[in-house]
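You will see chain A twice below: alongside chain B first, and alongside chain C after that.
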Partner chain A sequence: MSSRFRLFDRTAVMGSGYIFAMVNRMQMLYYVLILPKHLIHPYMMAGILGVGFLSQINLLILAKYLTSNYFVLGYRGFVQLFSEKVVRLFAILGIFFILIKVIVTTLGYVEIVHQFMFPSMKTSWLIFVLMASGFYIASQGMEKTIRLSIIGFLATIWVILVYIPYFLPPIAETHHLYPLVPGEVSLHSWYGLLMVWSALSGPEYLVCLGPWIGPKEKILKGMSIGNALSVFEYLVLFVACLLYYGSPYLEKISFPVVNMIRYLQSPVFERVDLILISLNMIYFLYLIALFLLCLYGAIRIAAGRINIKTNRKGFLGSVIAVFICMLIINGWFWREGEELNVWVTLQLWLGAITYLLVPSVLVIAMRWKRGRS
Partner chain B sequence: MKIFLSILCILLVFSGCSSPFVENNTVEEIAPVTFWSLNKGEGGKLEITTVVPPVTNEKKKLFTLNVDLLKQGKKEFNLRFYRELKLGQLRMLIINEKLAKKEVITLIDTILSDPDVSPRLFLVLVRGSFEDFLEGERKVQKNLDYYLYRMFRHYERRNQGEMSIVNLHEFMEKVYSHYSDPVLPIFKADKDNFTYEGTAFFNENKYVGSINKREDQMFQLIANDHYLKNLPIPHLNVSLGQVRSKVIMQVDDQFKTLNIQVKVKGRIDEYRGHRNILSRSEMNRMTHDIESYFQRETVGLVKETQRLKIEPLEVGAHTLSPLVHPMTRREWLDHYEKMKVHVKYSVKIEPLSL
Partner chain C sequence: MFRKKKRTAANQKKNEEKNRITHEAVTLDLLKQVTAKMDDAEIVQRQTNNGVSFSLVYIQTLIDKERLNEAIIQPLLQSKEQTFIQGISTCSVLRIHAIEEAKEHMLFGSVLIHDHEKNEWWAVKLENSLSRAIENSETETIMYGPKDSFTERIEQNVFMIRRRLPVTELKAEKFQAGSNTKTQVQMLYIEGIANPDIVEIARENISKVNFDLILEASNLSAFMDDHTHSLFPQFMQTDRPDSCAYSLGLGKIIILLNNTPFALIAPITFFHLFQSPEDYVHRWVIASFLRSLRYFSFFIAITLIPLYVALTTHHYQMIPLQILYVLMESRTKLPFTPFWESVIMLVIIEIIKEASLRMPTKTSQTIGVIGGIVIGQAAVEAGFASKVLIVLVGISAIACFLVPNYLVTKATTVLQFLILILASFLGILGIAFGLILLLAHLNGLSSLKQPFFAPVAPLYWRDWKDLFVRAPLPWAKLRPEYLKTVKKWRVSKGEGSE
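Moving on, here comes the complex of A and B:
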């Protein structure tokens, strides 16, 4: 049985389309839904553009590693670059980062579903359903999971058209967009910028997918387009929220994007928000599956079992461990309704830090290695 | 297989053996009410009224409950009626004027925080007793609640300037916006009639006053819809139709004067005076009369909002620009209160064709 269960096989290399879809959907994860509330002021539109530009520079640095020979080798590349012990240390750190990311993404999404779709349902059921589907997708193997990115992208990108009515009268009030210059820059604005940066994080996990993506020349192109599209989507969402709520009201809404969608009415189906929340699940699930695979890989590296074949039991065991962590956090430490609770704040900082450090550390290590040899 | 079983066991422990779905929406067992009418009850309580069942062909009943909390009404209702009340189809919230004077925002907040209720819920103020109207009309008109909803929806959709129709979101957005104050339509209800009375003004979230039907026309023209399908001026024996307005508000740099320029275009629907309006000079005189009438009325309306120190006309929004940092609401209102108002109308009337 275990001989057929291969998670990390490679039969083909995914091109720029997959990279583009993956980067874009990674950047559209949970934080986007709460971002407008923390940006508040119209002049933060410039903030989004600015941080988007910085993110592009960061991707250029990341691309330096992704186009190197180390990247294609995957795990062995890391071992060549660092030593095996260091890689294991990194893997242990990675387990922690990925775990928090998966947990916050899942619980955040579950909270939205719970608040808007099934208020009377136990959240542990929702977590179970998400994790079980995530496990199913992930158990198809890394290659198929990456292939799903295009489907996840195509199934959800059209949602941006739904926001068009918010740019037109009578919903839109132009004077909500003024003033465009900041009066005083408060700590809160800096926090908003940090949040944009953290929301844009995610592409750094591409370093785990070495053997599957390529060819070299197309990687940067795919990432850049993905990043640009994400920045554009951020802007559309933020401006739509501003036009719809106005800054003072926006500050008081806990899930601005979801609440905004509730205003739409279609003659056929009244609660458009339910459809859109469910649609989001497609790429949330896909990314949860991807991160579960990365996590499993990291566990194998950390445990020094990289050369042993993958088996169903081990993978299921690690998924169950994640699931139990989630239930514990959800039961005791997750405070619903307060959307910037400890965990979300923790992930905010961790996301920002990994996105900042992973590319530069790798590139510095490469330089250093080249200098020595 | 063992592992899967053990997962299920863990889950059952966590979920406490209950079914994950608690809500039950079988149509025969629920009462999806379409409106709630709120009134001031005895001893500081709330009086909630609704008509059930709203959908099926049963005999309709009027339910009135005296409760301390709004949501308590839902529970009390379930304990008394054989169907379960559901708020998913709630379309109108009808608040009595007396209650509105005391509190509006707490009621609206409660409704807003319910994920079942759409932010498109219509808010209406009622003077008199809506309950009496329901009691009287229920026997004559079977689907009364539905037709009332259709009425609001009809006038909301194209902003055709008969009534100020306001929904939950619009109201809340204006409550929080520094440079505008919310308004609500106000209706008068008695045993036989339910009549549009004008627009009720709010100062942020406090109900402060209302304007009557005549003044309301000016409000629709310069602030709310910028369109009136029908504008009778009994004073001049004339009625205008399809009136469209373009408003330019300018506040000078020192915030001392407010200039309002309104361009109005319409046509004469009806004339019962003694002028020969087919002649050009008579027509010009007539236009001039209409202009000065509009000016007088508009100045009156603006003065009223200045007196109440409120901003339903959103004059302040015209002072905003992309590069200037806005002042606070209080500062602005202090300026606004003392502002001199100049109103200039230019009316263009399409020639009468017979």
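Moving on, here comes the complex of A and C:
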């Protein structure tokens, strides 16, 4: 049985559709649900657009690496670019970054489920179910997990349409959209921009998927469309929140994007938010699976076992390790009800740093390599 | 290590013995031994006009006895030639040497003839061509379109397909499967359209089948499935020659087995299981509507009862007040939780469904009435189930049958139970878990190594023309992309543009 357990096999290359779906769903993870509360002011709409533009520039830099021959070679490309020792060092760093991302994403989602759906349920059970499902999806291999991005995208993209009523009277209060020009720029506003930047992070993890995505010509196109759609969704959700709550009330409410859906009326169901929270699980699960695979790959590189075949026990072991870390953080360190707790803040900074540095470091390394040869 | 060596030596010895037996020359004594205690086997000795004596060995139940006399015995008796076998007018006469060869021919309806003088053996094909007539398809009935369906005779089935596709590119490769059944298998495909890699995978898979009994199409597909434990069939079974011809034209492969009226079609996708031959008979708008209705019914069938359990167990707040009144009134005196109430009713419905399938037609109608009215009504009056649940169970039971593929209908039932369990624990979230895992599972499946969830994942936009809607036929100028066919265009003018 173990001989058939191949996680990193490749039979086909995934085109721009997958890149677009992956980039978009990676950027719409967790922070989108809390972001409006921290942006507050209407003029931050321009902030979202500006950071979105910077994100596009960053993607242009990233695309330089993704369209190089190093990228297609995957691990061997990294070794050629740096050296085996440096790659192992990066892998160790990567383990930390991915671990924090998986933990914060999962616990963030669990908190939403706990708060809105099952307030009396022990969160450990939810974490277990999410991790078990993530393991099942990931154990089908990287190729099939990437393929799931399309399903995740198609299953959830329409959710944005649910927010249309918030743009229409009598719900929409247009005066909430003013002032569009800031009177003064506070430190909080800069922090809001950092949050948008961090929320748009995620595409940098495409560097781990070298052998599976292509062709070169379509990578930038896929990423750009994905990024543009994400910025559009962020804008729609932020404006919807502003129109519905108004700035003064917006900063007082937790998970505004989820909360406002509670008030939608439907002849068949009330509390539509419960359906949408459940539905959103598909891309949370998909990304948990994807990051678990990246994490396992990073562990193999760090342990110098890249040439040994993948096996079920090893993968299960790494998933169990993540699960235990998650339980520990959830049990002792996660402060529920406080959206920007220390872990979310840590991930905020880590996401921003990885998104800024990964493309730049890779392109600089490529230039340096070219200069030497 | 020693044991391994010993085992290898034993295997080698066994193989040598097998080879010896296989190549052993056929003799009358050996055939007598082989046919011992086979009362339907006959060994007849006669002499020609020239005085040459010959023997006939055959199994009378397998051959056409009327033709035996006129096609073999009479010509042989009257033969004046030295090589009397030339007098036989039957088309298929084969020289045989080894006993295994003789056994095989005899068991497939040949008469073995032994020329005593020259000590030569011949096999003359005289198979009993008993078969039922070509009838209407019972499993895939349609109002308009061809009515004929396959029979148990493979030659007849191949004929029905060839008649629809009179092209020399239609290839039919023969195989044998089942060490005891020696079932004749034919793999059909159109050369120049079907992807050679897929043909090779199918060829390899059929050759690898190692089992004693391959009695019908499902037996063979069980050995060829990429995913043995999945609830979903990875080969489509059909008894309609027109469906087979259509699939061949698209670039798929058809596998026919002797003694079974069902052909296997592969590679298929999940979405093929929702397509009916009648989709291509109706106007495209109507066909699209009916197809969408099937997908919706599948969704309803697997989620309706779990949704009832989720709402009544975990999320009362989701039910609008007016509906909540009805629900509460209906559930007030029930002794069971919504989960157990649903499980009991679903199990009863399944029992009724199974009983009505196994019973003779007239009895099954009675069972339907008893099940539908008496048990439903009685369950409500006795206070075992709520009226609302009875309505929902009825809807979901009927919705199950809208899927044209019976194997999927059964899979739907199991899925319904699995999602029901998840819904009882996690409510709406449990249903979402069930559906997401179902999607992930479908995404991981393959049919002849081709993705099962195409054209959604992998995404082939072009193939969406025949997915949830059935676009007008003139728009379907290209073959499905996921099949990676050699010829992409279905219309002649485009061939040059490949």
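Going forward, the second predicted complex is superposed on the first by the 373 of 373 C-alpha atoms of A that agree within 3 Å, B and C clash if a C-alpha of one lies under 4 Å from a C-alpha of the other, contacts with A are read in each partner's own complex, and residues count from 1 in each chain.
By definition in this document, contacts are C-beta pairs under 8 Å (C-beta built on N, C-alpha and C of every residue); 3 or more make two chains touch, one makes a residue touch a chain.
If you're wondering where the values come from, they're calculated on a predicted model, not measured in any experiment.
*Asks:* Please work out whether A:L327 is in contact with chain B alone, chain C alone, both, or neither, and reply first, second, both or neither.
*Replies:* Once the two structures are laid over each other on A, A:L327 reaches chain B alone.
*Asks:* Considering only touches as defined above, state whether A:E270 meets chain B (first), chain C (second), both or neither.
*Replies:* Both chain B and chain C are touched by A:E270.
*Asks:* Who does A:F90 touch here: chain B (first), chain C (second), both, or neither?
*Replies:* neither
*Asks:* For A:N259, select first, second, both or neither according to whether it touches chain B, chain C, the two together, or no partner.
*Replies:* first
*Asks:* Report for A:K122: first if it touches chain B alone, second if chain C alone, otherwise both or neither.
*Replies:* A:K122: touches chain B, not chain C.
*Asks:* Is A:F232 touching the first partner chain B, the second partner chain C, both, or neither of them?
*Replies:* Neither partner.
*Asks:* Could you tell me if A:F5 is touching chain B, chain C, both of them or neither one (first, second, both, neither)?
*Replies:* neither
*Asks:* For A:V113 in the superposed arrangement: first (chain B), second (chain C), both or neither?
*Replies:* Touch status of A:V113: second partner only.
*Asks:* Same chain A residues contacting chain B and chain C, which ones?
*Replies:* On chain A, the residues that contact chain B in one structure and chain C in the other are 118, 270-271.
*Asks:* If you look only at chain A, which of its residues touch chain B in the complex?
*Replies:* 115-116, 118-122, 124-125, 128, 170, 173, 175-181, 183, 244-246, 248-249, 252, 259, 262-263, 265, 270-271, 313, 316, 320, 323-324, 327, 331
*Asks:* For chain B, which residues are in contact with chain A within the complex?
*Replies:* Residue positions touching the partner: 3, 7, 10-11, 14-16, 18, 20-23, 115, 118-120, 159, 169, 172-173, 175-179, 314, 317, 320-326.
*Asks:* Provide the residue numbers of chain C that touch chain A in the complex, in ascending order.
*Replies:* 314-315, 317-320, 426-429, 431-433, 436-437, 439-440, 443-444, 449, 451, 453, 456-459
*Asks:* Quick one: which bits of chain A touch chain C in the complex? Just the residue numbers, please.
*Replies:* That would be residues 11-12, 14-15, 17-18, 113, 117-118, 129, 133, 136-137, 140, 144, 147-148, 150-151, 154-155, 267-271, 274-275, 277-279, 281-282, 285 of chain A.
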